[in-house]
Amino acid sequence: MAQLNMVQAINQALADEMARDDRVVLLGEDVGRDGGVFRVTEGLQDRFGAERVLDTPLCESAIMGAAIGMAAYGLRPVPEIQFMGFTYSAFEQLFAHAARLRSRSRGRYSCPLVVRTPYGGGIKAPELHEESTEAIFCHIPGLKVVVPSGPYSAKGLLLAALRDPDPVLFLEPTRLYRMLKEEVPEVDYQLELGKARVARKGSAVTVVAWGSMLERVLKSVDGYDAEVIDLLTLNPLDLETLLSSVRKTGRAVIVHEAIKTCGLGAEIAATLAEEAMLHLRAPILRVTAPDVPVPLAKLIDQYLPGPDRIRAALDEVLKY
Amino acid sequence: MPEEVLATFQVKRVSVLNENGSADLALMPELSADQIWRMYQLMVLSRCFDERAVSLQREGRLGTYPPIRGQEAAQVGSASALKAEDWVFPSFREMGAHLTLGYPIPQLLQYWAGDERAQKTPPQLNIFPFCVAVGSQIPHAVGAALAARYRRDSAAVAVYFGDGATSKGDFHEAMNMAGVYQLPIVFICQNNQWAISVPLKGQTASASLAQKALAYGFEGVQVDGNDVLAVYRATNQALEKARSGGGPTFLECLTYRMADHTTADDAGRYRSDEEVALWNGRDPILRLERFLAASGAWTPEQGRGVKEEATALIDRGVREMEAVPPPAPAELFDGALETLTPRQAGQRKGR
Amino acid sequence: MAQLNMVQAINQALADEMARDDRVVLLGEDVGRDGGVFRVTEGLQDRFGAERVLDTPLCESAIMGAAIGMAAYGLRPVPEIQFMGFTYSAFEQLFAHAARLRSRSRGRYSCPLVVRTPYGGGIKAPELHEESTEAIFCHIPGLKVVVPSGPYSAKGLLLAALRDPDPVLFLEPTRLYRMLKEEVPEVDYQLELGKARVARKGSAVTVVAWGSMLERVLKSVDGYDAEVIDLLTLNPLDLETLLSSVRKTGRAVIVHEAIKTCGLGAEIAATLAEEAMLHLRAPILRVTAPDVPVPLAKLIDQYLPGPDRIRAALDEVLKY
Amino acid sequence: MPEEVLATFQVKRVSVLNENGSADLALMPELSADQIWRMYQLMVLSRCFDERAVSLQREGRLGTYPPIRGQEAAQVGSASALKAEDWVFPSFREMGAHLTLGYPIPQLLQYWAGDERAQKTPPQLNIFPFCVAVGSQIPHAVGAALAARYRRDSAAVAVYFGDGATSKGDFHEAMNMAGVYQLPIVFICQNNQWAISVPLKGQTASASLAQKALAYGFEGVQVDGNDVLAVYRATNQALEKARSGGGPTFLECLTYRMADHTTADDAGRYRSDEEVALWNGRDPILRLERFLAASGAWTPEQGRGVKEEATALIDRGVREMEAVPPPAPAELFDGALETLTPRQAGQRKGR
């Protein structure tokens, strides 16, 4: 098995699926000739041709909208939005169309597409290049939202997403792109969407994280009897895994890089407060960014949850 | 202007029938008498459908409804040029196109009665659901055209929208993309000169909508949208061009919204009776009747016959529509996803 | 004092503020000559002229974007988006610009605008005319989100919003536009943004609602010892009022017409689970729409929370 | 084409200096020798700024930076026509315009070092923050123009963007709105022929960008964007027209991005050395030097003097920028709202 970073793992998943299924077509700004600004699609245009890896004009809404038409026609488009911050101008297409097409047409049309976009902070890039507004997309019924936490999960989840019959938003934690390498099987494997992973066993507190926060959480919980859950799919949530862990530990801390108010942590906490209330021994704490826009490089480290804040929350719930 | 001229452009206008119904024979499209008669029947059917829908709404048997009165030539003429394999992306005011393509009448009515099950297009047709978010269907059509080309299919794509839609970003992004990829698509803009209360002048300072295509490097043509033969001709040409790799065309069908914007609107608040009367005189059905009458192909009696047939079809459609049992609460979840999420499945059980 | 419905109350607030402050300019589709599709701006163009009540082309993103430029220049624009479902195409402008302008320019520019839009279900209208995606907008730092529950709160909140130095999204519950009349003072009064209202006193359970659900909740709690909180401002939340009620009752039920997952109910429940956990005697329940797109007329009554579901939730928490 | 012609259009092109630097005297804008010299200095200053920024980035002292090399004439020429009262909406690649308008050098650098405090434009200037979301600043400019007109101010508005931005919906919606209201605004498009790796042909099938203005009912002009005098002339005319109620103008400044898209990009992956070499030969600074030299107004020595002065200014700017203390964590909350929410206030305390 090869040691790959996440960029390579995603590239491999795309290449394998394109080889297997000629309905898979990539489109987006700079995905072709240039291989994507992060080189995630490098070599794919050379290998599969310009009709399967389309360099588009600069128009996120039409990229998303065209992908919807392609999907309805029978292809399996993979639109790339260059950064999550630029999905906002494609929001109507995603919300009112991609996610609703099956329902609006009562199944006559479906919309099997995978929107790929780099996601999250910590890369010291310009404004709108470090967004983590996943919660907004989890409020869209009909859309699945997936976030890998490393090369292995990236390949397995992407292959599953590419074969899902409905639209999937695939968020790629930019900070992890080249940060870690993992063993990634060359063979085809899928990680089922909607299933979380227990990344570390523990019994005193459950810590929930995803994407690039997972790595940070795992580094921070040393010395704590913490069970760490790597969500992997943000919508639908794997309630079973979450609930059974929290019923065991009685305590929950949720860590995310998005702002606090109406972040996905709210949904997780609310679900626990609805379905595991009698098992909870301590307040459910959320360790998040503050409720302000993502800052530029000079303040990004102060913005993202760091080990100090994570450990302070653990100490706090463990007081109960 | 001392500076040099970089480029000059022309935009053309197509009409076949003048207001009195006499035809410019040089421009007559190749259509048999039967085909023209079929268009006439469809225009009358559309008018009947529309009148009935408005009165059903008044009686509380349909929800808010957007009349197509005045736009029958634009819709029937363009849709008559389409083939069953073509993909069609309507806005919400193309019931004449649906009828032309054979969308079942009960199902069309059922949609306006507030039942999304009616959007399940019959399998032999490739019509997308009605699209209420103005202009947002246009990129879908571009995507379908990309897919058709990718598949080497001979299908072309037609997308319908109004003058108001040309102000939306999605119109622009989609037109531009179609130009870049030279796609097999026809953009059919029904310029009915109003977007609710906003007249064309308030919508754009462009003298015509057709000229907007110049921004995208392909042809834009203004068509007399109340002239069913001109609309057919232009659409047919554009579709042939699309199928033969000639790329996209933008058609501006200049017509008029003779009725209120919807049954919830009162156009008397914002436009003059004179303007409406003027355009009543330009009724597209009247024009085609004059054309047919001139060659003896139409008599008032035949006209009544066509209307009666249409009425009978609509009557039956209404009966069938009203016989459809209302959806069960669990049908809320139909088509939410191929496989419901656990939470959705739980919510469904509770209904 | 006059008995006004909500349309009249909003119209009055706009007219009064326009008379008082010539920086207030309305813009949107059909707001001028036609007086708005719900007649909310009726008569204002006649009274204040076409330069103060601008009929715009059909372009939500530019309506919002132009309002941002006007606000930065020193005006107080009031863009109307004809229905909440059409804010999606203006989402980038609202999120990346209106809400961030003060922060991006470190106070050199500000963005005092009020986006008005009809909101919520129950009017049997076409698709995208009955959206209630407020939670998405509450996840935008820098944006306030306000929802009146009747004519009186509509006027008082709108006047406060129009004088707020920062952008406000003002959601008008369409179902209530002409449903109820209330005494509305002709004089100028403001309801402070960020303050909830105890709409009914009670001690056994706290029910939180807003907009058109408030009326439904008030009708449903007859016979229950329920305290009902009318949020009025969705962001920032009035935590004080929420917490002091729940600390007293020990039980909370949140009712909203949005879907459950990542709805605003999640934030409220999560905040309670964080700050009032030890006072809670029962699970926190959310009564919401199911996680599917808003249906057309035939199913809308089955979609929106009804009295049965509200009462079932009350019965459930009262078991504890 | 048997159909009738609805309309014809012309799009013009303006250039004053040819590639050898000789001027078409009929088109020379009214500029004193001092003013032209000032433009020259600013172009050199812009070049120095740019080179320094790139090397600071390489040393890790700045973040990702988008070079303006090659676009100095387009930026200095247009900004030289602006008055202090005018409102300016940049994209992210107009450092030459900022320098021309007098934006403090340390502050400009500080922004690219990742410090948003640098976006607090000095009070005497009406420059909006840099805008990274391509095209999204264009509607703001339209709003400012609406406001200026509403206030009966004599200020005009200029908005900058690239060729890529013309594909965005916001470009279209804003252009269209400016046309409808006939606003005092100049749309300045720097067509540097690339949007990252996408060449103009992949961006639009339109033969020129200037002709896109036809879709909005106002004038679009193509300007030689490497000719500072032509850019000045066209911008000045457009601003005068704007101020006198003549409505909007779209200027396409045809230029070339001589460097990589940003310091994170490698243009060698997608474009040929020949193309780059061709445009290196069309360097806008070279062209102005040739023009000045022809009348004896420029010697290599003077050129060195100008460069040295510029270098000294940039040196000082770098020193001042690096002397600014880093922001305190609590500054995250600066400008979040005029009054923080209770939750924000609590979060601020924790820092």
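Some observations on this one:
The chains carry the letters A, B, C and D, assigned in the order they are written, with residues numbered from 1 in each.
The working rule: a residue touches a chain if its C-beta (ideal position, glycine included) is under 8 Å from a C-beta of that chain, and two chains touch if they have at least 3 such contacts.
What you see is a predicted model; the values in this text were computed from it and never measured.
Between C-D and A-D, more contacting C-beta pairs join the chains of C-D. Set against the C-alpha centre of subunit C, every other chain centre is closer than that of D. Taking each chain's centre as the average of its CA atoms, subunit A and subunit C sit 30 Å apart. Subunit B and subunit D have Cα centroids lying 43 Å from one another.
Averaged C-alpha coordinates give centres for subunit C and subunit D that are 40 Å from one another.
In terms of their C-alpha centroids, the spacing between subunit A and subunit D amounts to 36 Å. Of all residues in subunit B, those that touch two or more other chains are 116, 133, 136, 167-170, 173, 176-177, 180, 202-204, 336, 341, 343-344. Of all residues in subunit A, those touching 2 or more other chains are 56-57, 59, 61-62, 85, 88-89, 92, 96, 103-104, 127-128, 141-142, 235-237, 261, 291-293, listed in ascending order. If touching chains are joined by edges, the resulting network of the protein chains shown connects every chain directly with every other. If you check the complex, the residues on subunit C that touch subunit A are 61, 85, 88-89, 91-92, 95-96, 99-100, 103-104, 127-128, 133, 135-136, 138-139, 141-142, 235-237, 258-259, 261-275, 277-278, 280, 282-286, 291-293. Of all residues in subunit B, those touching subunit A in their complex are 87, 89, 116-117, 119-121, 123, 128-129, 133, 136, 138-148, 150-151, 169-170, 173-174, 176-177, 180-181, 334-339, 341-344. By the touch criterion stated above, subunit C contacts subunit B in their complex at residues 29-30, 32-35, 37, 55-62, 85-86, 88-89, 124-129, 260-261, 290-293, 295-300, 302-303.
For subunit A in complex with subunit B, the touching residues are 25, 51, 54, 56-57, 59, 61-62, 64-75, 77, 89, 92-93, 96-97, 101-110, 141-142, 165-166, 194, 235-237, 239-240. Every residue of subunit B that touches subunit D in the complex is listed here, in rising order: 1-14, 26-27, 167-173, 176-177, 179-180, 182, 201-208, 210-212, 214-218, 221-222.
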